[in-house]
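Structures incoming, each one as structure tokens.
Here come two complexes built around chain A, the first alongside chain B, the second alongside chain C.
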Partner chain A sequence: MIRFLLRRIGLAVPTLLGVSIVIFVTIRIVPGDPVASLLGPTGSAEARERLTKDLGLDAPIPVQYVKWLGNVVQGDLGRSIAKQTDALPYVWEAFRNTLTLSIFAALVAILGGIALGVLAATRRGRVASGFSTAVSLFSISAPQYSVGLILIVYLSAGRGWFPSGGMRNPTGDSGFGDLLNHLWLPGISAALVPLGIIARMVRSSMLDALSADFVESLRARGIPEWKVRWHAFHNALPSVLTIAGLQVGYLLGGVIFVEIVFSWPGLGLVVFQSISQRDLPVIQAGVLVSALAFVVINLIVDALHGLMDPRIRR
Partner chain B sequence: MTVVHQITDPTRPGAVEDRPDEVPAEPDVAPAATKSIKRRRLGWPARIAGSVCALFFLAAVAAPLLTPFGPLEGDRSQRLLPFFSGGHLLGTDGQGRDVLSRIIWGARPSLLTGLIPVFVAGLVGTVLGLVAGLGTRRINSIVMRTLDVFYAFPAVLLAIAIAAALGSGTSNAIIALSVILIPPIARLAESEVARIKSADFMEAARVSGAGWLSISIRHVLPNAAPAIVVYCTALVGLSIVYAAGLGFLGLGVAPPNAEWGLMVNDLRQYTFSAPQISLVPAVVILIASVAFNVFGDGLRDLLDVRAEGK
Partner chain C sequence: METATPATSSVVAASSSPAAASPDGRDGTGQPTGAVQPTLRISDLHTVFRSRGLTVAAVRGVDLDLHPGEITVLLGESGSGKSVTAKSVMRLYGANASFSGAVELEGRDLLSLPPKEMLAVRGAEIAMVPQDPTAALDPLRRIGAQLVEVLRQHKVVPNKAAAQARALELLDQVGIPDPKRVYRSFPHELSGGMRQRAVIAIAVSCDPKVLIADEPTTALDVTVQAQILDLFQRLIAELHSAVLLVTHDVGVAEEVGDRVGVMYAGRIVEFGPAAEVLNTPRHPYTRALLDSIPTPGVERGRLRSIVGQPPVSGEIPAGCAFGLRCPHAFARCRSVDATLISVGERRQAACHLLEEEVSA
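Moving on to the complex of A and B:
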């Protein structure tokens, strides 16, 4: 198990290096000359040369990359142009809020998806199965921003049942109840796509498990049907959990639209505001942090899968 | 039956979440002659969805004929009119522009920024898949490990980062979307090539002295194409949603032009004053997404060789 884990971590290192290269490239493809934009049109040739040297732009690209990577590893992701603070603490603060929203949405998606999937697998050919298949197809197709706006209009703006945005009431006690109240609508909007995916996965794994020989033998021994289904569900669980775990990773990067629609103070909102301010260091720091989190979550999911299913620990 | 809901690896075990009910474990060489022709028809949900998709395309092509108002033409005194008033079927927006006309005109950039990336990524991804699948082990691992890197990003965020770095604009949004769509297509193509490579006719072609290029174009490509085309079709709905998302973020078409994502963001400020109108573009994108996905799904069921076994 330890060797399996070590190998997985070893495999993640080149991936992370690749990630850093991609992000470095996105810095370099920004149109325009940074030196010219810093100096303005009146900068002399001499000043230009000096600034180029100060910024390290005269070095060959690979040297610049290594230098940049060195800074990143030490936690220096550059400074926010708009906020004039270090990008990392700013992004990290927002990332924690995104994590809260993602975990809540993942819980909704996993519980709802399993319920829907089991329904579809065990009530095949009936109305309930058609219904749950249609619901999962619809929820997979539903764009987060559309769902979010529809929920705001019908459950918040008109009714006042839920707050239409933000994470906490400025005047409230900012306790857990307040947070939960703010979590429902964005959580559901973000949960729909993974919910549909998990429902499909549960359905197909359950169908696979239910057609296995051991189910036949359980039935032959006169075990009650619900117990048989429980056994089948148990067997379907590892692959379901893998997909569900991956969904947490996708949510981390994917909740951006939900955050914007609901003014949730997370990474997505920060990135969105940075786009209009062309605050590239913050955008890059945001992408880097969520890519890192994505890789880490994939590692954890792999490890859990290995723990549950010894066969994949080759 | 698979709807592509996000950028994942299509060849990964479990990536095909939904399979036809109980596919019997038939050998691949099931006699084709026993299959009845009449089963190969689109189901009614897919047909309805296909008609809706066709309507969207028709609206985009015939926009000047269908719209009573221009997309930019607005009267400030007529702002935020409710549905069905003053000849405005879907009301007017904050600047008094006819919402229906803007939706119809907006279908052009919205569908184009959704379709072109799929097309571009389909071509590039297929070529990469062919190169990786037919090349030496070394070439294969260089191509595939490079593509692996893109799976370490949440795809939406990567598209946003690329589009933001390139600067807003339709062509940059298209480039950003193409980049994130290439890896899954290339992986699928590579796995298809790997499957075809072991077929007997490939051996025959090699023995008869066919060259690398001739093998890939005349033997591999025609066999790999159906799976790739179907997968690309399934990507269209997702691509349209992402494209509108980039527009929503202000990274696509520039205002005041009509584009669905941009309209969503523009009308968002009227959630409280004109809730119904503020939802129109959001609902249109939702309908388009569902329609393209259901249609892609049906097409997949129709063309998927494996599904024939049921």
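Moving on to the complex of A and C:
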């Protein structure tokens, strides 16, 4: 098991390197110039040249990359061009906010998805199954931004039950209750798609497991139906886990639409703003952090997978 | 249940066959009827599946008695209804299956038992050894846990520690050389033969009165097959269970069977002591079945396959179900169904040709 994990960790390093190259090159290939956006249209040619040199943007891309990577390895992700602060603390705080939102959304998505999926698989052909299929289909198809806006209109602006945006109450207490209050609407908006996907996965792998031969053998041994279903659920879990891990990974990358609609100060919002400002170091740092989060989530999933299914422990 | 056979048992299905009047349709037991009460008595069992408006009669009137310590074999091609008969006994089918007739375990009719009581019968009083041991075990649970689960479920042991001790004992009993290791193993860590031994250990864990083995050796290597069959016979001698063994393998039937019933299209067409039925078959189908088996070292020219296909369960022809493929069929076979009649001591067959012989 430990060797299995070490190998996975070893595999994560080249993955991250690859990701960093792709981000670095992509950002520099797409049109747009940080110098121009910093100086504005009135900047002189001389000022432009000096700033370009200051920012190290005059060197060839491979040279810039190696230099950047050298700094990254030492924990320096550069300075924000727009804010003139270190990029890492800025991105890190945004990531923590995204993490809060993601954990909430992941809990809703995983618990809800499992409940709906198990319902659909075990009450086949009945009302409950139709209901759960409809809910999961709806949640996959409904765009996050429209769901978010609808929630704001009906539950926030109309009734004032929930705040319409932000993460904490700027005035007054901002304890856990306040955070939770702010979490509901963006959390549910962000949870819908993964919830639907997880529900469908749970349903299909649960049905697979229930049609396996060992289920009939369990019944032939006089094991009561609820225990038989528990065996089937256990067998369905590994594939559900893989899908759920992927979905949580996406959430951690920042749920851009949700964060914009609810002005949630997360990674998605920060990267989105940095792109419009051509703030290259922040974009790079943001994408790198979310890639790292994705890799870590996958490591956790692999470890859990190994715990759940002895056949893949090698 | 002294001497008389139940009224339902003698005539397999509605038929106008005169010779079917033979009163002891059950005399294939090999013992004088009534001397020993059978552990399990299947009477006129019908199993019908319905799905999407389609009705399939998979078992069409089977009578069978199982006696303690005896292996009764159901032999037939796939689709003959032998496995369905076995699983019907345990009521292992969902809502789309319906049963009629009776399956009596020591006088208690299982077909009319409430589901909850049936649950207590399965695994404890009637246990099953399934076809493929690899598929029969939960791949994510250790062998020990799966044994303990059954022992605890049927409360044959007072507590968990006793269950563990008993599980190790059972693994040893089925000839597993290192019970402690196997107890901790996952199914994928064992060989096919070891897995089948573990599955057998689970099946016999609660000292079942009836053991149903559905093609127990089909998924195994020939050499392992022989070991498993030996083990099987040894255990049955020890436990004194009544065994219903379902197989398509004539060799297996000959090797371990005490009595054999040959099934075709949902019915038993020939029944009697295994050696007699397999050496001197009376029914044309049994003969055809035996003729289609290759024998090593014996030069017989081309193997004779049976012409045509077995009828699809939904579309059984009028008259004898084997009529269309039978080389000896005559007019009567196409219009009147044949029923089991006594054809000599302890033997039965369902064929119009034999009816004439008997009445002549």
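The definition used in the following text is that the second predicted complex is superposed on the first by the 273 of 314 C-alpha atoms of A that agree within 3 Å, B and C clash if a C-alpha of one lies under 4 Å from a C-alpha of the other, contacts with A are read in each partner's own complex, and residues count from 1 in each chain.
In this text, contacts are C-beta pairs under 8 Å (C-beta built on N, C-alpha and C of every residue); 3 or more make two chains touch, one makes a residue touch a chain.
Predicted model, so just to flag it, every value in this text is computed and none were measured.
Shared-chain residue A:H231: touches chain C; no touch with chain B. When the two complexes are overlaid on their common chain A, residue A:A212 makes contact with chain C while staying clear of chain B. In the overlay built on the shared chain, the residue A:G253 is in contact with chain B alone; chain C does not reach it. When the two complexes are overlaid on their common chain A, residue A:I29 makes contact with chain B while staying clear of chain C. By the document's definition of touching, of the two partners only chain C reaches A:I223; chain B does not. Residue contacts after overlaying the shared chain place A:G196 against chain B, while chain C stays out of touching range. Of the two partners chain B and chain C, it is B that touches the larger number of chain A residues. Comparing the two interfaces of chain A, the one with chain B and the one with chain C have no residue in common.
Taken together, the chain A residues at the contact with chain B in this complex read 14-16, 18-19, 21-23, 26-27, 29-31, 124, 137-138, 140-143, 145-147, 149-150, 152-153, 157-158, 164, 193, 196-197, 200-201, 203-204, 207, 211, 239, 242-243, 246, 249-250, 252-254, 256-257, 260-261, 271-272, 274-276, 278, 280, 283-284, 286-287, 290-291, 294-295, 298. By the touch criterion given at the top, residues 212-214, 216-224, 227, 231, 234-235, 308-311 of chain A touch chain C in their complex. In the complex of the two chains, the chain C residues touching chain A come out as 90, 92, 119-124, 127-128, 130, 132, 135-141, 149-150, 153-154, 186, 188-189, 199, 202.
The touching residues of chain B, counted against chain A in their complex, run 3, 5-6, 8, 13-14, 16-19, 21-22, 145-146, 148-150, 152-158, 160-162, 164-167, 237, 241, 244-245, 248-251, 264, 268, 271-272, 275-276, 278-279, 282-283, 285-286, 289-290, 293-294, 297.
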